[in-house]
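Listed next: structures, encoded as structure tokens.
Two complexes are shown next, each including subunit A; its partner changes from subunit B in the first to subunit C in the second.
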Partner chain A sequence: MSEKLLRVIVVVAMILLVELLCRIGVIPRMVMIAPSDMVVELGKILASGQFSADIRITFTNIAISTVLSVLLGFVAGVIIYSLPSLRDAIEPLLASYYAVPTFVFYPIFITLFGVGSASIIAIAVLLAVVSMVTATLNGLDRIPRVLRKTGQIYRMSRVKTALLIELPAATPYLFTGVKLSVAYSFIGVIASEFILSGAGVGYAIAYAYNLFENGHMYALMLLVLIVVTVVNTFLNVIDRRLQARRQR
Partner chain B sequence: MTALMPRSAGTFLVLLALLALWQGLHLLVGASSLASPTQTVSKLASLLAAGEFWLNISETMRAFVAAFAISLFGGIALGIVLGVRKLAGNVAEPILTTLYSIPKVVLYPLVLLCFGLGISAKIAFGVMHGLIPITLFSMNAIRQMKPVYRRTSQVMRLSPSQSAFTVIMPAILPEIISGVRLGFSLTLLGVLIGEMFASQRGLGFLLTSAINIGQIDTIMAIALLLTVFAVTCNALMMRFDRRLTHR
Partner chain C sequence: MSAALGAKVVPLAPQTATAPAHARLRGVTRVFDLPKSTLHALGPVDLDLAKGEFFSVVGPSGCGKSTLLDILAGLSAPQSGTAEFEGKPIQGVPDGVGVVFQEDASFPWLNVRDNVAFGLRRAGMDPAEINRRVDYAVGFMGLKDFAASYPAQLSGGMRQRVCIARTLVMQPRLILLDEPFGALDQQTRLLMGDELLRLWRETSATILLITHALDEAAMLSDRVGVMSTRPGTFIDFVETGWERDRDSRVVSTPHFGDITARLWEKLRIEALKIMSAGKG
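Let's look at the complex of A and B:
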């Protein structure tokens, strides 16, 4: 408990330090506005609805790419799992997949799909899907043998075994994949909007940066940070429950 | 049949299939949207023959090497400190994982405003990506280290720096290499995103300027070069890792 308290104190102290440095002018206003001002600015832009369209586009794209990568990754994972020779061939590629800086393919998607949601979702899915494939393979690998044997003893059909035994047993691992897919979708969507696009929160931040509109810029940054932290905390709570269930 | 083949043959077949897919897509959408594998390779060869391209490569590499060196030494040092001091580690870990999971691109304007346009902003941005994973992996490696190692170093009355270099470092090296592999690719990604957004030189800059003038073969040649570079480095580190664990 005291560790939690200490952590809160550390974070609050850091924010207060930044606030103080901004207020006494060590950090000039052109570089960074005070954290309290960021909150005020965020309230203003949310109330005025100036960026609602951008915010809606970004979060819709993140949701679409998360759903797509989870579904595609799960299906691909199941297929790869059921074909051991394919799996042997693909596994070395999966291991080095995340070494590739995926964003260098973003320009290729732009020439293929044009500037817009399609290329953004494509790059986000490309980034996220492999973590789901790996998590699915890992989950299916770790189903205890005894569970499948129990299913055989009960003479369950293949479909029933999959739904009642394999899926629940693999769920904690699958959820790790879901968590990673969410994180990668966030990064993929916001970063591609930021580099080159015509709409979205990432685009709005880049636009505000180019116009030196620090108020808008920091308000939007704060918004992203808050949303990501809340989503992560929520997913971690679910994750912890699932992991606890596994150890029971 | 397939069971008799060595593992690498299957991987090779998958790579061939990917290449065929690439060629097929090229035929489907046309050369102006997607360059063919041969076009890409010949474009890459002609780019590599020109001196100007090497200036951009060296610019990116300078930023990358500096950022990676800072992430590597900073991350391992920080990880060891946080791993040895239990309380500090427990307090810092959730903060670090939260920082790790935020999309750091949104903070890039802040980096640019602090460091100005230029190589130092790119380095700082690369470090932001690479430092935390290396720290987290090193920290967890120390926490999971067998307690007997530390007790032995206490019994032998080693100084903190002696025990760090002769006991702790060798014990946690394999785990650190996993962190370093992740840190390597994230640092590269950070430097490239930095260059793609705001820069006058470097491979990332070449990529965005190629979009603006619609040079698809240049884009694909650079993407190919970076992919080959990243995958080769990763494979080397994995081989080193395997050698260590089979020791």
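Let's look at the complex of A and C:
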């Protein structure tokens, strides 16, 4: 409670400090515009619809990437889980996966999918999917044996046991994978737009930067920040509920 | 005091009962395959459970009690020997068997009511009948005020009661309980024992109770089986001779002392074996 309050106070104080530094000219307008101006600029671009197409593309791509990563990661996780020898072979690779800077492969994706959404989604999925695979394996590992036995006692079929016992038992762990997939999809899509796109919020930010259009640039950054914060808050609420149920 | 009140000495299994046994094990063994070796966990075990009997198993930790329960429940097959329930070989979980496991098996994503109703819903029972049975079991187990709570909000002992209620609503003919009161304090354990006796009288189910508490075994059972250290076999069967209408007040009778003394005499030797093995 007071911890939360303190956090809000710190954030607000930081914003006010930046606002002050901008207003009195310690931070020049060429470097950064005042937070209040960012809000005004964001209002303007949203009202004008100038970047609506970019915004739509970016968030659509993030959504597609998230859904694909979660589905593919879950299915791959279940398959790997059911093949222990395969799992033993590739688990070390999964563990060191995030040591690889996925973005260096962008030329391959451009060759394969061309410049545009397909390449961007491919990179984002590549980045996100392994977190879901790992979370799925972890979730399946964590299902207490006694719950599966309970399913047997109620003479449930394999499919019913999977749907009514194993899936809900693994859900809190799977959700960790969903959260990471969302985060990696944001990173993957927006960062890819900087390097291999002619549209999207990432592209628009880079474009504005090159033209010294600080108003647009900071407005778009603020937009991304706001969306990420809202999405994360929402995911955290669900996560906390799921974790509260987890007892073992 | 008549001789009938003394702990009866019964010859070791197999016992020849006149009525066919409700559940029967003959020469049952269980061996686990470990990565580099095998582990002989149980047997050979012979056991006849009479219909409506309250039978308890006591034995040192790790002697194969839960393994024995798994075989009776049809959750694992014996390496050798035969297991029968109601005259039929046990292959998979038989209809009419209910189990309360040693570990907490409550479903954390369901509230108490939904946990208790789980098996009935799987069986596709009429919702009105489900409600009736769940209400009864939830009340019986003293969970009425927690019907909407989730397991994470309950103590370990209460979660175990949820599991007991979830088993009872199915009205099993054979109830297998694996240290169900392990997480409870002594007083609650005795009272829960009374509830279990009440339930047993009301349902006429056959009960097999695994416990490490000798007093619990002595007070609740018609008959107590004492197991040796691993691989567990029955080294003694003690008939208590209690009336069907008993309750926890029997603990203050001399006969209760006789029974626990007899159980301890047998178990002490087994416990000493483990201690000396541990030292050596």
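Everything that follows uses one rule, which is that the second predicted complex is superposed on the first by the 247 of 248 C-alpha atoms of A that agree within 3 Å, B and C clash if a C-alpha of one lies under 4 Å from a C-alpha of the other, contacts with A are read in each partner's own complex, and residues count from 1 in each chain.
Following the convention adopted for this analysis, a residue touches a chain if its C-beta (ideal position, glycine included) is under 8 Å from a C-beta of that chain, and two chains touch if they have at least 3 such contacts.
It should be emphasised that the depicted structure is a prediction, and the values quoted were computed from it without experimental measurement.
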When subunit B and subunit C are modelled together on subunit A, clash or fit: fit
Contacts of A:150 with subunit B and subunit C, given as first, second, both or neither: second
Subunit A: partner with more touched residues, subunit B or subunit C: B
Touching partner for A:108 - first (subunit B), second (subunit C), both, neither: first
Partner chain in contact with A:140 - subunit B first, subunit C second, else both or neither: neither
Which superposed partner A:92 touches (first subunit B, second subunit C, both, neither): first
Partner chain(s) touched by A:123 [first = subunit B, second = subunit C, both, neither]: neither
Partner chain in contact with A:199 - subunit B first, subunit C second, else both or neither: neither
Minimum C-alpha separation between subunit B and subunit C after superposing on chain A, in Å: 10
Subunit A positions touched by subunit B in one structure and by subunit C in the second: none
In the complex with subunit A, residue positions of subunit B that touch it: 2-3, 7-8, 10-11, 13-15, 29, 32-34, 87, 90-91, 94-95, 98, 101-103, 105-110, 112-114, 181-182, 184-185, 188-189, 192-193, 196-197, 204, 207-208, 210-211, 214, 216, 219-220, 222-223, 226-227, 230-231, 233-235, 238
Residues of subunit A touching subunit C in the complex: 144-147, 149-150, 152-156, 160, 164-165, 168-169, 171, 244-248
Subunit A-facing residues of subunit C, complex: 73, 75, 92-93, 95, 97-99, 101, 103-105, 107-109, 118-119, 122-123, 150-152, 159
Of all residues in subunit A, those that touch subunit B in their complex: 3, 6-7, 10-11, 30-32, 85-86, 88-90, 92-93, 95-96, 98-108, 110-112, 183, 186-187, 190-191, 194-196, 201-202, 205-206, 208-209, 217, 220-221, 224-225, 228-229, 232
